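Next come two complexes, and both contain chain A; in the first it sits with chain B, in the second with chain C.
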Partner chain A sequence: MRTIKRDAPILLEVNNLSTDFLVAGQEPAHALVDINFRLREGEVLGIVGESGCGKTTLMLSLMRLLPANGRITSGQINFMNNDLLDLSEREMGDVRWKNIAMIFQGAMNALNPVHTVGRQIAEAIIQHNYITDKKAVTDRVVELLELVGIGAERKDQYPHQYSGGMRQRAMIAMALACNPQVVIADEPTTALDVMIQAQILELLGTLRDKLGLSILFVTHDLGVVAEMCDTVLVMYGGVTAEYANVDTIFNAPQHPYTQELLRAFPDLTKPMEKLISIPGYPPRLNALPAGCRFAPRCPHAFGRCHVEAPPLHGVQDRHFASCHLVEPESNISPETPEFPGKSNEL
Partner chain B sequence: MSEQQPIIELKNLRKLFPVNKTSLWEQEEKFVHAVDDVSFVLHPGEVLALVGESGCGKSTLALTLMNLETPTEGQIFFEGRDVTHLSGKPLQEMRRHIQMVFQDPYESLNPTMTIGDIVAEPLVVHRLEPNKQARQDRVVRALEDAGLKPASNFMHRYPHELSGGQRQRVVIAGALVLEPKVLLADEPVSMLDVSIRAEILNLLASLRETRGISVLFITHDLGTVAYFADRIAVMYLGRIVEMGGTLSVLERPLHPYTKALLSVMPVPNPRLRRERIILQGETPNPIDLPSGCRFHPRCPIAQPHCQQTDPAWREIEPAHWAACLEV
Partner chain C sequence: MSDTAVSTTSIRGFWRSFRRSRMGLIGLFMFLVVVLMAVFAPAIAPYDPKEVVRVTIDDIYAAPSAEHWLGTDDAGRDVLSNFIYGSRVSLIVGFFASFISIFIGSFVGIVAGFYGGRAENILMRFTDIMLVIPDLPLAVVIVALTKPSLWNIIFVIGALGWTGSARLVRSQTLAVKQRKFVLRARSIGAGNMHIIRYHILPMVLPLIVVNTVLVISLAILNESTLSFLGLSDPTALSWGQMLNFAFTRGAMSARAWWALVMPGLGIVWAVLACTLLGQGLEQVLNPRLETHHLAVGVQMVDRGAEVQA
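Moving on, here comes the complex of A and B:
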């Protein structure tokens, strides 16, 4: 198993990031509250949660692409020692392609149907690198397409001539146009067949190794997380439920939400086991429960959970969970025995 | 189970769609081989999962079964009766017993009708239960069997007021209200969130026990079938390449395509990251099928003879069939 170094340089550090949505005549909705994480060079961080848990809001906040009624109310987004929240809109525009690029959900609809794929990739290169030499641009387009496994001869084709998997590859090529250090992939494989999904995941893994990319991988597919990610941030109702390395999340989860999510996910290696669904739905942002946001659905909730929101406790070194049941010192599990994935830490 | 009369039996079913000629001088007429020589049986109370990637013909197979597409060749038997070319009243009568659950609960419910009316509509269409009270009772029973309890909370609401999981339950209730013998579920959970998937899968599994319904479960996700299917049939390019009991297919897959599909299924355990057999390229065009075994261009173990010989459908282990020359 590939391991990332514990002390690889930190590229992106998010501290206490909170985002509100303003709604006329109502209290602002707290869509994100105090999100913290660190992304190291070459690390793949999975962001997991059901629909409506704030995953996409987090991504849009990082890119400063929130819709007009979204406001980042506090926190810092430190990227290579610059706080992205201090940058002007123009400077941020440069960061967006050259440092942090995004692969959007729904490759089917993210490409412009009336321009060739090559032209759309070229546009990104010209816009952000100020290259005007046609030959240089074409060379770069071909290089990018080949990097993602698309033959150069297909650059003059239109998106409808591409299959779903190829379009997703083209989207990845476009995200890489300006050599970013961080790629945000928002559900990049959700609409794809398993075999195509495997091809795309393999491609992302190769790119990470070859280009030293760090990837923020947003998904609700826990299987993909287990395959791809080094570390995992589990979100629930806009807050961090649990944050740890991938092995801890899957084999020693502390937050009841993580545990329930795992029980609801089909596991091919354990057929015939009954799936347990999580009753209820994630809270609506305009009707958040008092106390812990997961309490109404939590099987272990007790009195205090309904009145007091738990802070994010450090369970162990680089393992955090926001639950009253995992208060520091009270519930620290012994070190898990040595196994191959053990060195794979936050 | 084998002594029982199967509820549905397909014999050498074939569905070809003619392709428009691209040139006036084109001689040969071309076809999309959507379903090509498929045979299987579905027993009463059995859950059969039909697994394959997009474009392998699994949805066409379901439509053909419902007689929404006319098969080009082959026969369909329902309870031992040949229903391949039924039309008119007998067809409607047969369809009552085979109901479909579609993929997208957001688009398969009429937004202007209440849940009660939506679920009652099949009864009206089939002219069953003219008595209003009796009709209402059946609707309530169907909704409650589909897990919408108490039904009175839902009858007068509209689809937009319900969540995705609840809508899919309404779709299932609409199928159940006719008391069908077979449910054809075409990707019933692929649009739903993980936490809700489990609940719909458990519901489908329980219907077999409470109502003795047979389910043909069509999906591309092997992970979801493992929980309640009795048997799995794997389809590739219009043909079933492997079929057997769920555990034997999952634990001892025979066909290289099944092996590859299983190897790329993400498993929610990072300690089990394994060697994946990633097939390169995409499923070939179903118009110009490869010669010999149709899987040979992508097959990791293909031999020269695979290019010439179309493999026969053989029983390799008891009740575990595959079409491959190399097993």
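Moving on, here comes the complex of A and C:
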């Protein structure tokens, strides 16, 4: 397995990011609360969680593309020493796609059915004046398509003439159009069969190595996480449940939610193990439990869990979990070490 | 054709789909007949309606004869020639008024649907007000206050007929706006104008095209109504005006049915043509109907054996 350098430069640093959705006549729904992570150069960070736990909201917050009622209420998104939340809409428009590009969930919907695929890839290039010469734009489109394994002769075809896997490849080509440093892949393999899924993952892996991309990989497929990711952020109901590198998440998970999630996933080495399903449902954002958001479904919940929301505790070097059970015993002051902190101890 | 939102990508493909709609074909045929009649009016018409004729009492409301196939009107002029020339005015009004309507309607609909918020509120409430006011009395008032010229008629009809298109275009814009490729375009960094031009308009265009054809028929009807009420340019002879003259100048008591029936038939013909054509276009342009999957027909079974019908 490939390991990234622990001291590769940090590209994207998210500190205490919180996002609300305004609801008419009601308290705003807290869709994201204090999300922290760091993305290093060449790193693949997996973001895992059930449907509705805020994965897509997090991605859209990073791009500042939330729907009209979404509000980022606190935090910083530091990208190459700039806080993206301080940028004007115009500067942000420049960052999108040139620096941070996105592979959208459901390629069929993200492609306009009335334009050829080639033209839609060119759209991004032209929008950013990345290349202005017409001939060069066409060359670049061909180059991008070939990079993702689509023949140049298919650039003048329409999305409905593409197969599902090809559409997803075209979306990847589109994301790479302006040579971004960070690619956000929002469930790029959902709705594809396993063979195509494997091809797409392999393609993303090659592109990462070839172009030195950092990838934010949103998925709810733990198999994909194990295969692709270097670090994992497990989300539950809009908060961080656990954040660690991929080996730790799979071998020594600390948060009960992560443990349950893994037990709900088949393990080839233990074929006789019974699969469980976590009882209950993820919390509704307008009816959150008082304490820990996972407490109502947690097998280890005790009294304190139902009244007090646990902060994110540092378990080990670069391993964080938000659970009262992992609270360091020696911790005299209840203050947890500032996450991830400016002191570079991560 | 590559710029328009047809599910078929070429004019030939378009025609192949359109051919499958029998109603559309009939409409197209009827439409072409009227258009050709209007264009080649001087060549087809046996008499020039503007020509000064010396009239005797026998020429007024003369029954159809070899000389006048459809008889004569109250001024002793040939009804067939009037009818052929009248198609010109009706079509001109129909086309231009509907273009004005569609332009206003599409603009209002796209702006309201795309921008939403206060702009939408103001525009759509204004549309509602326009929708509630009965068109005909308002048109009568406006035409009566202005000079009854052909262009005034066109503007009045055009300025009153856009409400339906505006609502239609708005609802389609709202639907398209939610599609993910609009979000993608925005994340690429595209501005509003780019998104409207490149992503919204092509998706709304089929609706606009179909609606234009349907509005033409409405405009022709409106023009006929205004003319029948004597509110049109008296020098521009249209079908509605022929009806007006026949009605007010005693065609009924003279039992001159030919002076009434022909212009009435002409109006019905043109309106029916537009409606059928609109229906046919809708079937082809509506991407949901996906006609191209059915376009091959029985030849799709290509295993060599005889195919049962």
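Keep in mind that, in the parts below, the second predicted complex is superposed on the first by the 322 of 346 C-alpha atoms of A that agree within 3 Å, B and C clash if a C-alpha of one lies under 4 Å from a C-alpha of the other, contacts with A are read in each partner's own complex, and residues count from 1 in each chain.
Throughout what follows, a contact is a pair of C-beta atoms (placed from the backbone, for glycine too) under 8 Å apart; a residue touches a chain by one contact, two chains touch by 3 or more.
Since the model is a prediction, treat every value here as computed from it, not as a measurement.
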### Query
Is A:221 touching the first partner chain B, the second partner chain C, both, or neither of them?
first
### Message
Output check: A:51 vs chain B and chain C. Expected answer is one of first, second, both, neither. What do you get?
### Response
first
#### Entry: Partner chain(s) touched by A:25 [first = chain B, second = chain C, both, neither]
neither
### Task
For A:112, select first, second, both or neither according to whether it touches chain B, chain C, the two together, or no partner.
second
### Query
In the superposed arrangement, which partner chain does A:9 touch: chain B (first), chain C (second), both, or neither?
neither
#### Entry: chain B or chain C, by number of chain A residues touched
B
### Query
Just chain B (first), just chain C (second), both, or neither: which does A:151 touch?
neither
### Partner chain in contact with A:102 - chain B first, chain C second, else both or neither
second
### Message
Applying the document's definition of touch, where does A:123 land relative to chain B and chain C: first, second, both, or neither?
### Response
second
### Query
Can you list the residues on chain C that touch chain A in the complex?
2, 4-5, 9, 179-181, 183-190, 194, 198-199, 202-203, 287
### Query
Along chain A, where are the residues that touch chain C in the complex?
63, 65, 93-94, 96-98, 101-102, 104-106, 109-116, 120, 123-124, 127-128, 158, 174
### Message
Which stretch or stretches of chain B touch chain A in the complex?
### Response
53-54, 163, 193-199, 201-202, 220-224, 226-227, 246-247, 250, 260-262, 264-273, 276, 278-280, 282
### Message
For a test of understanding, state which residues of chain A touch chain B in their complex under the given definition.
### Response
1, 50-51, 163-165, 193-199, 202, 220-227, 246-247, 250-251, 260-262, 264-269, 271-278, 281, 339-341, 344
